[in-house]
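Labels run A, B, C and D following the written order; every chain starts at residue 1.
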Amino acid sequence: MSYFTFDESRPMDFIAIGRLCIDLNANEIHRPMEETRTFTKYVGGSPANITIAVAKLGKKSGFIGRVSDDQHGRFITNYLQERGIDTSCVITDKSGTVTGLAFTEIKSPTECSILMYRDNVADLKLEPADVSEEYIKNAKAIMISGTALAASPSREAVLKAVDLARKNGTVVFFDIDYRPYTWKSREEVGIYCSLVAEKSDVILGGREEFDLLEEPYGPLQNDDQATADRWFAHHAQIVLVKRGGDGSTAFTKDGQSFKGTTFPANVVKTFGAGDSFAGAFIYGLMNGWDIARCQQFGAASASIVVSSHSCSDAMPSAEEIQAVIDKHTTTV
Amino acid sequence: MSYFTFDESRPMDFIAIGRLCIDLNANEIHRPMEETRTFTKYVGGSPANITIAVAKLGKKSGFIGRVSDDQHGRFITNYLQERGIDTSCVITDKSGTVTGLAFTEIKSPTECSILMYRDNVADLKLEPADVSEEYIKNAKAIMISGTALAASPSREAVLKAVDLARKNGTVVFFDIDYRPYTWKSREEVGIYCSLVAEKSDVILGGREEFDLLEEPYGPLQNDDQATADRWFAHHAQIVLVKRGGDGSTAFTKDGQSFKGTTFPANVVKTFGAGDSFAGAFIYGLMNGWDIARCQQFGAASASIVVSSHSCSDAMPSAEEIQAVIDKHTTTV
Amino acid sequence: MSYFTFDESRPMDFIAIGRLCIDLNANEIHRPMEETRTFTKYVGGSPANITIAVAKLGKKSGFIGRVSDDQHGRFITNYLQERGIDTSCVITDKSGTVTGLAFTEIKSPTECSILMYRDNVADLKLEPADVSEEYIKNAKAIMISGTALAASPSREAVLKAVDLARKNGTVVFFDIDYRPYTWKSREEVGIYCSLVAEKSDVILGGREEFDLLEEPYGPLQNDDQATADRWFAHHAQIVLVKRGGDGSTAFTKDGQSFKGTTFPANVVKTFGAGDSFAGAFIYGLMNGWDIARCQQFGAASASIVVSSHSCSDAMPSAEEIQAVIDKHTTTV
Amino acid sequence: MSYFTFDESRPMDFIAIGRLCIDLNANEIHRPMEETRTFTKYVGGSPANITIAVAKLGKKSGFIGRVSDDQHGRFITNYLQERGIDTSCVITDKSGTVTGLAFTEIKSPTECSILMYRDNVADLKLEPADVSEEYIKNAKAIMISGTALAASPSREAVLKAVDLARKNGTVVFFDIDYRPYTWKSREEVGIYCSLVAEKSDVILGGREEFDLLEEPYGPLQNDDQATADRWFAHHAQIVLVKRGGDGSTAFTKDGQSFKGTTFPANVVKTFGAGDSFAGAFIYGLMNGWDIARCQQFGAASASIVVSSHSCSDAMPSAEEIQAVIDKHTTTV
């Protein structure tokens, strides 16, 4: 069954709003970053990665965001354009901001860490006036990343975008994407992410992320079904609880739940697993696939990305994903 | 007919959240403040004034807010207690804040101005953790003042309070109470006040205030009925559009509207008119009166306060209000 | 003997730089401020008071500072002009600042306290560009108040003014005037006040204030003569250590010291004692009086001001001061 | 002749205070940074580079500064230690700061630019309390970099260090090192750098940098000799005006001036020229060489560094510098 309708008359399939930044991945892996000397530059940021994934899968995609007025900002905009992503709403911020950076350290497949530069970043300068009703109205779906709620004026821009999406029948995907930096308090996280979750059609998050949303409003229940029901009482149709290496469970408003598994991978690092899953899962939903197939497609995509050095560059095509599925299905 | 139910089993009738400050009214009136030399001190702030009005009318009232840890903060808390208002949720802020001040200048009955001190004020330091679900659950109704949304963490505390009120069936009154200071942009005003308006049972504001809420989401219609319908699509039951000296119009979800008038007054200053109206109007609603009678009661209360030097001190009793109504009704 | 030369060809006798604010003195004295209801407004701020004192004594005076663009700012400028003080370098700050306030509470003659409003104040927005070399060059002497060093850009404006005074042979008076608010750390106080003290001709301060200046540079000696010698090694000619009710000791570069006494007074409050002393002491120095006579004149002035409700309004004339001296000298 | 005495009994030859950061040099040169993909990491920051240069030349060196509590901070501290530089006063800042970054773009030998990350950097969090009198007293000389004056509390730490150096007879080198970022206004630059220049023995800067110091105090003269005389009136013994590719002129208090030249180089980029010059020039002064020889040594060192990809890593040994001098002198 279909949980919501994508308006097929709209020219744009998918847009995202929020963070556009740069990953600097240490080339020398399996050692502390103190001992590395060279880095390779990639476009990064969760909503950027998801958009790149969706675009690679063939959907007409776009982005609403701000980049810095420097070489890093231009690198990002150029990269998106080369990938066929519409950047007409990617604004060059002129206020002296910088691009957010993530230096990644890969000590071992299970010991990865990130050194973030998030002060005075362009992406958080997105303003409500940057959000065009026309752009949202012309897209079938919009992806909100919780990180964009971490500070003003990006926070207000996102709150406005969500309202415009609801008003215009654009399907709202919400990835909680909690990162402790930037936020001033845990309660802020819960309060603002809840405001967006109330107005979203599909919500993706880990168990701890959903707990954050419930914290300000009473004792935690730590119960996935109760969490899903909380949001079904608003506009949600699908609530997907991610469990990292243990797969995910998707709950639907009609009372079903679907447990997804993972595919074997030669893991280089775990970064990008969530974004690649989300991109492929959304792609499936937009194709009208059933939930279980969407989850399988997402998991296969993730298995490819965790085997690579980068996130954005490694986002696979539908054929590559299908090949993984076929390989592991035929062996059964 | 009754538009909503006040849970009569609850011990507290009415609570407000937000601004507690001090008015310093020039004793020498009808001249510029440069030429005045002495001031009299009163408790002020719109939600404080409304609470004082409601308490004077005999309702069991309380307040959620923060005051400065100094003589001004203690003056406010003492004053509320003397008026029988519960201050168990009035917290003394220990972070070095001050009490907001409003120096009022009365050049003539129609030329009044305020010189505000709103930097580093205690009331805007209200935190989400200060908001007790128990307190809200024990009250029949809560009043939200839009000014408390102007800055964090007060903004988040109010957003949390509104959600807890809805969750617990506490009736939500929302007075937009727009003041240009503190807010960073007009769009912020519209975005946050809209989030609260969506969850309110009764919304009070001037035409320009309602326009502010509509601005981020499309071209202005400047149509009171359309404004009312916008909020009736959410939780509102009553939308009251105030027109200063021209009275007010109350719209109800069942499609009716009621035009209220004003009473003659020997006007000293116009400050406090809105707060005294709101206090008496709410009192009427909580008594189950019909809308027209609530408006009349509010207008009579306002006529008393605008004839006085102070706002809070001048809030009238039910008998005093009724006397005004009787006087002007019998003469007809 | 004369310790420095005032250039008699200059049109202006005395200028000060820094704080211009408002005192709001409780009219009801001998009770906590929580229980007072009315306040009287006066011009305040240590350098303002000293300038008013010097002007009252007949010296041609001026001021370099910023006031807020509101009724309080205009009140201050008007007041200075009425006192014959030149305000051509008193700039109206247009950046949305307020006037600093000091609510004074007089519980008893020995229990006085002040509730300060110092956030976003106009006086600390004084900029280096506001300091005119021409104005300083035309004055015989300039008074620096340490409070103006508490924050940028006022801090830099003062550092510039001191250098321009030295360059142009304008005698530099420095009143340490330490107030704990605004300053970020004790070490900041010592570092910046030392930079000004090194370039001053006359330094006035209490023992604890001089200790603050010595703290960053080694163990405290708590020795007035050592303190004086520290600054004599730079440009100082006179170092005056104030001891409140116990009078003051003036040290001179030629190795002398002078112990000043106090005059009996019917003390209402102790505020303003230091400013009235400083004004009369400076007046004496500018008249070429010997140090002991300057101290006596200062002490007599202080005895008048502590007997009054205000500071600035109460600054006495030379005749009034002399009358106090005569009264107490003839009785001996 | 010798212009000042280095106290030979002291265990440490040279210490610097201020900026420790990281250079990320694009590996792909001769193209815009938008088109580069990999970067190599080096220790950077002008005072760090100078200290590394002096240490490479064999002087016992140390550093007073703060580094971030992360992989970049540890990389810097490790690097200094490997170079034999004392890091007992290099403090790990625990307040959540990051390491300053400089992404360098080399479009051509004459078109180089830097993309800076200077928000919330550890080096500017140096506090007055971090500056140990004992450490300064044990060093023959200290180098101050003007960039460390750009913000508090680093600004106050440096002002304190300079006073302690003067008090203890530690020779003060001052490199104006003006960088427009961080500073709030041009006047601030002039005011604070002047305060340090007044207390310095040797001042190094470009013509525009010296102009900045003179701007707040009167019309610019644009005259190197007048500039030198300005500072000779305080404590300066040598004032060195740098002219980039055109060499430098050193003025001495005894009225002499020395024009230095440059050595031919196969220029990769111009970064690091000034730091390598300063390091070798200071080395010469500390060896008691005459000014002209110091300048020649500095220029030869610079010619080596501009021919390399890095700054810090490329600092040459005395033998390498001498080889350049010999090569170009013998061919004449």
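As a working rule, a residue touches a chain if its C-beta (ideal position, glycine included) is under 8 Å from a C-beta of that chain, and two chains touch if they have at least 3 such contacts.
These numbers come from a predicted model, not from an experiment.
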item	value
Numbering shared by both copies at the chain D-chain A contact, with half separating same from different	same
Averaged-CA centre spacing for the pair chain D and chain A, given as whole angstrom	45
Whole-Å gap separating chain A and chain B, where each centre is the average of the chain's CA atoms	41
Of all residues in chain B, the ones touching two or more other chains	none
Topology of the chain contact graph, where touching chains are joined (line, ring, star, complete, other)	ring
Touch relationships between chains, expressed as pairs	A-B, A-D, B-C, C-D
In the complex, chain B residues that touch chain A	127-129, 133, 152-153, 156, 159-160, 163-164, 167, 184-185, 187-188, 191-192, 194-195, 216-218
Of chain C, residues touching chain B in the complex	24, 27, 32-34, 36-41, 70-72, 74-75, 78, 98, 101, 103, 105, 115, 117, 119-120
